[in-house]
């Protein structure tokens, strides 16, 4: 079996509920399944509140799952002992959304990047410092920056510090949780390119979570689209962009403004009307039916993911 | 005249620069840690510095003051009672002829010690209990918070009186009383802070790196709550000083011949229509030190508040 | 065209603990009646500070208006007192913000909040104000406006809240709407809805809009004219067609090139602007963009470039436009989907 074919992360029927008071619960993840092969990137796309951040955190067991499995290199993440879990954290890392909240303001950049090295006792003393400098240069910063504090950096620089922190333990798999959405568009491109360079250099595997389909396109091999805790479409990047099947995916694609004024003013917009439906209506049926222009009787039954083409899955009755 | 050379130099100006020479990640600001930065701002705050100087001066006087006069704070002299302010007795004498200068600075020792220790101990206790409650959450949190809820239902004065009855009066029982009652408010504050911090992304990042609870608490949670704790401790000192004065004034705190500012006010009030200075001097000192601590605390809070940073 | 807003040589600094931060350094632009002007730039470029000083919203201190005029219908409102500004705000000039939650009062029903704005500026009975508020809510596309009048901000989604903010802003027929990153906090589908709404309102009410954003896609959707800001200065300005199809400043090239394209091949590297924006505490001596520019010349580090006129209103501040500068071919702009415009 060639190395590219190896499934690094296998997630099946992942479920997560959050109590919302009064004995009620909010089902944030309603059976999410996907595989990521070694060296590849899965883009996970959806709007705020669809549960994509929860997927990332539950995969890394920052949240306990309420159902389903996360298997990393044959090891069940949620049923590992404390010792096994610590070993897993060395292989699975995370880059966070908010470059302002994700760095401890009381620590120097060197201490922040060195934290993983200290926790796993990888290097000590001079070697540790040398490694920190190496990591800083790897993400395009200077070694002098190690003694500075997070508030002295711009948003893009901070996000690169967050990347260096994740890389410090030499992980194989990184969850990028909205790693670019708090940045300016021009800086987003910088970070995307850096992540792609690192993937090539270090053979990393990414789960790239974002609400922005256009940026995800540049980094992902496959894309999964989520809507309110369900996966509605999953396909290779080229497939998804050339032949989107789910009405929600179509709407998402159409909503992205093109940086070309004449084209933008002429093109036909499929605008998704309305808003996310109430929790009571979500109980059964397709959760998108309140905003869908194709909605019919049939949609009161929950659609399952069906394979429509090679590796192209969609959950809609009307495809 | 030399237009060719000018044109040449102009051309040179328009030569491209090697990209490698460009410093596009340079940081021009001087590096500043949070604490250094806060100290800089505190030092620049004149009002806070005035408060601090008065506090320091009072502490110094509490240490050396009683030795500057030959009279002892509890040495009575019935031939020289209620003496006015003079060159021998700098603050006069009281109804038993004791030197008020010596009594005031002896009293400062007691008042300041009770105030400062009585503010720090409950704050630290509250920090530990509130930190545990917030960090571990779940049942631990529920039990601790219900205990504080019940504890806070009973007025503080009742605890104090009970302790005084049991242990007698004096500085130590007062501090004990403060410690037993004061931690509850502090614990609630710290718990709230820890609950907020726990969900911050840098704490999650540390957890994702496999950090132990020990590391999370000492590297992330405590350093980020310390500034707020310091401010609340500084603000708690004046109220502790005032509370001690109040207890002594109503006669259940410090009792003569021991001295404290509250006790001095208590003695002063009985003769205040004839010898007002016996009341006014300690009363003024209480007000002054409370004001100073409050001003200094305000200054600390402004210095720690990063909102002004841009 | 009639200029409704004319900002001249605006210079704003902040006095901070570390020294003077020169957020805006001599910015001039104007807004014609009924048009949309987009001010584009990265965070820290001074675009929000510019717009907030027009609105008179900057806290002084630490902010300080060092120089400049803000002419609204020919009157310099930079000299206005707070009282005079209050009369203007919400009536003649309105503003909407990135985060609608922080600008709405969470303890007040939204109907009341709209009526309050109306009654502050116009002598209307509560009944009339209420009717106007309901009319505004339906105009911004909120379903069942009458029952929604009685709801609180937290009961609305982010997109709905931004609609409410727009309703409040336009309730008194403001002629100028300042929109500070109005869709940055929203999802793309919501963004599309709000942008369309703003375009519709511009058509029906004739409101002139100043739109602040860092997203060239949003700009393409909305703008008639564009001003590109970098390091507290406007580096290039012109009509939307000029900026998108014939940009002259390397920073504008970089901005356009770093836009992801939906049509091109996937998993392709994006071209980027390297490095980080300058710290305005110590702005560079020459061109602010010099350190990140692929075409940096010696003169760029020494002298700030003047503004060169290209055609009509198309201006750019870059030494490359100097006659003695070497001729530089503009890099390929992959964002252009259609062959059109001035190209």
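Going in written order, the chains are labelled A, B and C, and every chain counts its residues from 1.
As a working rule, contacts are C-beta pairs under 8 Å (C-beta built on N, C-alpha and C of every residue); 3 or more make two chains touch, one makes a residue touch a chain.
Remember, it's a predicted structure, so these values are computed and weren't measured experimentally.
Of all the chains, the one whose CA centre sits at the greatest distance from that of chain C is B.
Per-pair tallies of C-beta contacts place A-C first.
Our note on geometry: chain B versus chain C, Cα centroid distance of 46 Å, whole angstroms.
Taking the mean of the C-alpha atoms as each chain's centre, chain A and chain C sit 30 Å apart.
Remark: chain A and chain B have CA centroids separated by 46 Å (rounded to whole angstrom). Taken residue by residue, chain A touches two or more other chains at 140, 153, 157, whereas all remaining positions touch fewer. Annotation for chain C: residues 274, 276 touch two or more other chains.
In chain B, the residues that reach two or more other chains under the touch definition are 25, 27, 29, 309. Residues 47-48, 140, 153-157, 184-190, 192-193, 196, 211-215, 217-221, 237-238, 241, 251-266, 269, 271-273, 275-276 of chain A are the ones touching chain C in the complex. Residues of chain B touching chain C in their complex: 7, 10-17, 19, 22-30, 37, 40-41, 44, 308-310. By the touch criterion stated above, chain C contacts chain B in their complex at residues 14, 16-18, 21, 62, 274-276, 279, 281-282, 290-302, 319, 322, 324-326.
The residues of chain A lying in touch with chain B in their complex are 57, 60, 62, 85-86, 89-90, 92-94, 96-98, 101-108, 115-116, 119-120, 140-142, 145, 147-149, 151-153, 157, 162, 165, 169. If you check the complex, the residues on chain B that touch chain A are 25, 27, 29, 31-34, 200-202, 204-212, 215, 219-220, 223-224, 306, 309.
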